[in-house]
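Written below as structure tokens is the structure these notes are about.
Each chain gets a letter, A, B, C and D, in the order it is written, and its residues are counted from 1.
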Amino acid sequence: MTHSKVLRPGHVSIRVLEMDDSITHYRDRLGLLEAGTDKQGRVYFKGWDEHDRFSVVLREADSPGLDYMGFKVLDAAALAEYEGRLQAWGCKTERVPAGELDGCGERVRFEIPTGHTIELYADKEYTGNGLGNLNPDAFRDDLKGMAVNRYDHCLLYGDDIPGVHKLFTEALDFDLTEKIVDGDNLISVFLSCSNKAHDIAFVHYPEKNKFHHASFLLMTWEEVLHAADLMSKYDIAIDIGPTRHGITRGRTIYFFDPSGNRNEVFCGDYTWYPDRPPITWSADNIGKAIFYHDRKLNERFLSVVT
Amino acid sequence: MTHSKVLRPGHVSIRVLEMDDSITHYRDRLGLLEAGTDKQGRVYFKGWDEHDRFSVVLREADSPGLDYMGFKVLDAAALAEYEGRLQAWGCKTERVPAGELDGCGERVRFEIPTGHTIELYADKEYTGNGLGNLNPDAFRDDLKGMAVNRYDHCLLYGDDIPGVHKLFTEALDFDLTEKIVDGDNLISVFLSCSNKAHDIAFVHYPEKNKFHHASFLLMTWEEVLHAADLMSKYDIAIDIGPTRHGITRGRTIYFFDPSGNRNEVFCGDYTWYPDRPPITWSADNIGKAIFYHDRKLNERFLSVVT
Amino acid sequence: MTHSKVLRPGHVSIRVLEMDDSITHYRDRLGLLEAGTDKQGRVYFKGWDEHDRFSVVLREADSPGLDYMGFKVLDAAALAEYEGRLQAWGCKTERVPAGELDGCGERVRFEIPTGHTIELYADKEYTGNGLGNLNPDAFRDDLKGMAVNRYDHCLLYGDDIPGVHKLFTEALDFDLTEKIVDGDNLISVFLSCSNKAHDIAFVHYPEKNKFHHASFLLMTWEEVLHAADLMSKYDIAIDIGPTRHGITRGRTIYFFDPSGNRNEVFCGDYTWYPDRPPITWSADNIGKAIFYHDRKLNERFLSVVT
Amino acid sequence: MTHSKVLRPGHVSIRVLEMDDSITHYRDRLGLLEAGTDKQGRVYFKGWDEHDRFSVVLREADSPGLDYMGFKVLDAAALAEYEGRLQAWGCKTERVPAGELDGCGERVRFEIPTGHTIELYADKEYTGNGLGNLNPDAFRDDLKGMAVNRYDHCLLYGDDIPGVHKLFTEALDFDLTEKIVDGDNLISVFLSCSNKAHDIAFVHYPEKNKFHHASFLLMTWEEVLHAADLMSKYDIAIDIGPTRHGITRGRTIYFFDPSGNRNEVFCGDYTWYPDRPPITWSADNIGKAIFYHDRKLNERFLSVVT
């Protein structure tokens, strides 16, 4: 049982092949709010109910995929503490200067055993959720498309699941909430630094540093349907859904951005508390674990990554 | 524009291979209410919000499939009128005596161009929906499983779609609400005798008298999810869903009874009025027509029938 | 048991005190689509899923209230038939020429025993629901506010409930679906010409020709919540709700337009068939009949009319 | 910005006038699961998705109200730490021996400035949520009534709001998430030890130690409707709702147990993070703060407490 000073997934930087189509996808279809373009041409977004300046960064590149995922920590002391613990754990860390991302303070960057780049930071410009903090309304009615609430988590594919399990739980105080095991082999781990059922998750894959999906929060199953309807109208490739996960119980739909990066919109996981035991899924139940209704995996889910 | 004195699909008789498992399926999973067993061993059911004595009849047989589908008409005069019009149209009709189905009046039975057996009847014992007709509550809280509201419609597969289109619209005053066409070929028709988007539907298939599914009404998309969840828990084979239809806009899930007969539970079509033109789907949009999200048919939907 | 050739409530003409505020209310808050302004300055609207040119007409006047409610009938023959039957029943009828309302054919106008003006018509310009009738999408995503689906029905207050009950059932083939009685006194009737639980309703009131509300259809209970949220944000006076009716089981919220006319948005009544008995509510259950949750009437519901 | 080792509200002990009716209410209507009766005759319950042995304790007494509310902390070290900090803050604390409540470890009990009794504890028997922790299903289908997910929080009335604000934030590391102010007067505080928008809340009232309500979690707005429907069917007194709160955005209904204790069932607040500023409501917006739709308080909400 741990007690993390990591607050939440605070940003994700995604590589896209062509920026204009990508802006249309993330802004008009997912309904993220644009939050500026920096000198490098990276475009920033946030979900409507996020308070910090941005949570999604798109960077034009020759191949799609994940640049890095950043977690916000409680304060500068926590940042220094985790930096030290990561180094003690055997991670090489690097400080990315404040301002390298517009409005973001200094980041501690490190590579995890699956080859992905993760960052921690303590400061980001506060811009609010647009409702104000004095007598706010309960909702916004100027949103587009799926009107996602926030960037929520990522699922990453890589070759050392025991390694990332150890790193996140030992050096960063995450809890293991759910895992898939095949005998003694750890196939997948779901990890939380909060009361959410997952803030980051990993599935075994023979290659390092693969990106399965970035996930965005919806509030209701009706909104999952509306998201699916929009995908049909705007000809967005659906991977699977609407359906439910066994793991986390989330109600979900997977689809692809124009560059082939997988997105998820979902609602409804349970409240995690660190005093309960993690859930174990055995490999013979992996279908039900991932897609609770179909009870079998589709090939795409296992093999299409960026 | 027509104006039918046919009220609704009033019953469907389905062949099942083994009665006990079938009762568990239709009573405990779909949540139909048992409404008796007759001298032949046929078992009767109804949805909780249906007022007549039964709407589903299960008959044990060596092969699954549809025996017949019965429509209730306004009154005895309407029954006689349609009997005459069917004969004038060229249908051979037969009177099945009152009481052959427990609590059901005399039925006019006929075969339609696709080889299916259809019946009309004007009388069935009134047993009410269990809420009473004096100061009723708005719901029942003693229901099981999916708690389907009512038997709603069937989709039948057969070889003469133009023939059934003509019969239902010319002899029985149904409206064509939606159709799928491949050039000049009529592939599918959706037909209504009410304000529903469909009371019966047909899809072209090389053989006569095939049963695609019987459909049962739910009230919300949340109930469609709950139905899907139950299918997983009780290991019921899902065909596809939860998803939406382009045709009728219904939100739906397809699955199979223990004998291999396909069932649907769905909610949410639009209100049909006979003064609006039918909707046409072209064959190149058949995927979107049937499964609005996936935008392609699965092989099972086209080929698995009983 | 009757079988009406009246299709549906096709339009309502509402008097408003000031047109600009009213347009904002009906267009931007309810989400009706504007459908033109006529030479008299009347402004026309329709719900997004209605196929005829308009269903709501606003007329600027010195006092709020109802001008008239119009029902569309099956065809010209039905119009003539009902005109004759109304006259035989003792109603004076009048023909309003085609084009008096833009795009509407000739109307047969008459006064009912409660003093309200009702019209029948067979023709109105077809403009479609904006999705087209060839491979249509299942929804629109360019709607405002509550995005009401259609104008659905009115509830009218007046002094002769037995009179309107007789007129609608005997001369126009409506069904009585629900009623409130106080001993031998008929306090309220709900009447249907379709498979809806009500197309028009009446409650006893000592004065003639009073307007209680015009009602608009939503599709889900989530949409009822969103409507309520919008009322708070845009400071629209709520009468009561979100709640449920015992009568019709509808899930509902009542509120007021800027002129004091009451509106309802609601979803979810049951499917009416004319072979079932009407529901009776006794006066001692009137609270539960009208507001199923509170189980008592609020004073406004009984006394505030226009 | 704080970082609490208090996990959650873990139990509430409520005084009821008559045990049998109370069991019917909490078990059959709210749908809590019975979790035993102790030697003193106290009856224990838990929500279906809670993992520890109990969360609600009913004690028969001459007057209704709150005995105490207990919070689970991370571990024994946290228990000792908070005990020391409470004492340093000026609170007298008392150790209640393990086993005084069946299955509960030692509790640190103290009185807060509003006169309420609060407890901390680190251990309670783990009994699980009935789904198991190996390949669990996503739901239970053997639940009754409202089928509440868990005991969630309490709202307490008392005379020293600044005092409890200071105590919970300074000695127990809670965050202030929302507050109501009248000029310089603090009228109400909402406090969180987690990612929930509130784990406990206080409203000013001239007397000490008053109980406003205990709240239970539902998952959807549909479930709030179903709860309201059940209240009507089983004649449970409703205070207000279904409606939404401005504070926390929760969708809610308030009602009374047979002893006059107020209950709430609700769903859907936002995710709290300690790096965002609290929300302030000014006294002139208190109506909207509490009841977002009605925008005014009802007298009962302010004055009826136990």
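Following the convention adopted for this analysis, a contact is a pair of C-beta atoms (placed from the backbone, for glycine too) under 8 Å apart; a residue touches a chain by one contact, two chains touch by 3 or more.
Just so it is clear, the structure is predicted and the values come from calculations on it, not from any experiment.
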Could you name all chains that are in contact with chain A and with chain D at the same time? B, C
Going by average Cα coordinates, which chain is farthest removed from chain A? C
If you tally the C-beta contacts, which comes out ahead, B-D or B-C? B-C
How many Å are there between the centre of chain C and the centre of chain D, using C-alpha atoms for each centre? 44
Between the Cα centroids of chain B and chain D the separation in whole angstrom comes to 48
Separation of the C-alpha centres, chain B versus chain C, in whole Å, is 31
Spell out, as numbers or ranges, the residues of chain C touching 2 or more other chains. 137-139, 220-222, 229, 232, 244, 288, 292
Residues of chain A defined as touching chain D within the complex: 1, 3, 5, 7-8, 49, 51-52, 72, 74-75, 126, 133-139, 150, 194-196, 219-221, 244-246, 249, 268, 270-271, 273-282, 285, 288-289, 292
Contacts from chain B onto chain A in the complex sit at residues 221-222, 225, 228-229, 231-232, 238, 241-244, 246, 251, 288, 292-295
Going by the contact rule at the top, pick out the chain A residues touching chain C in the complex. 137-139, 141, 145, 220, 222, 226, 229-230, 232-233
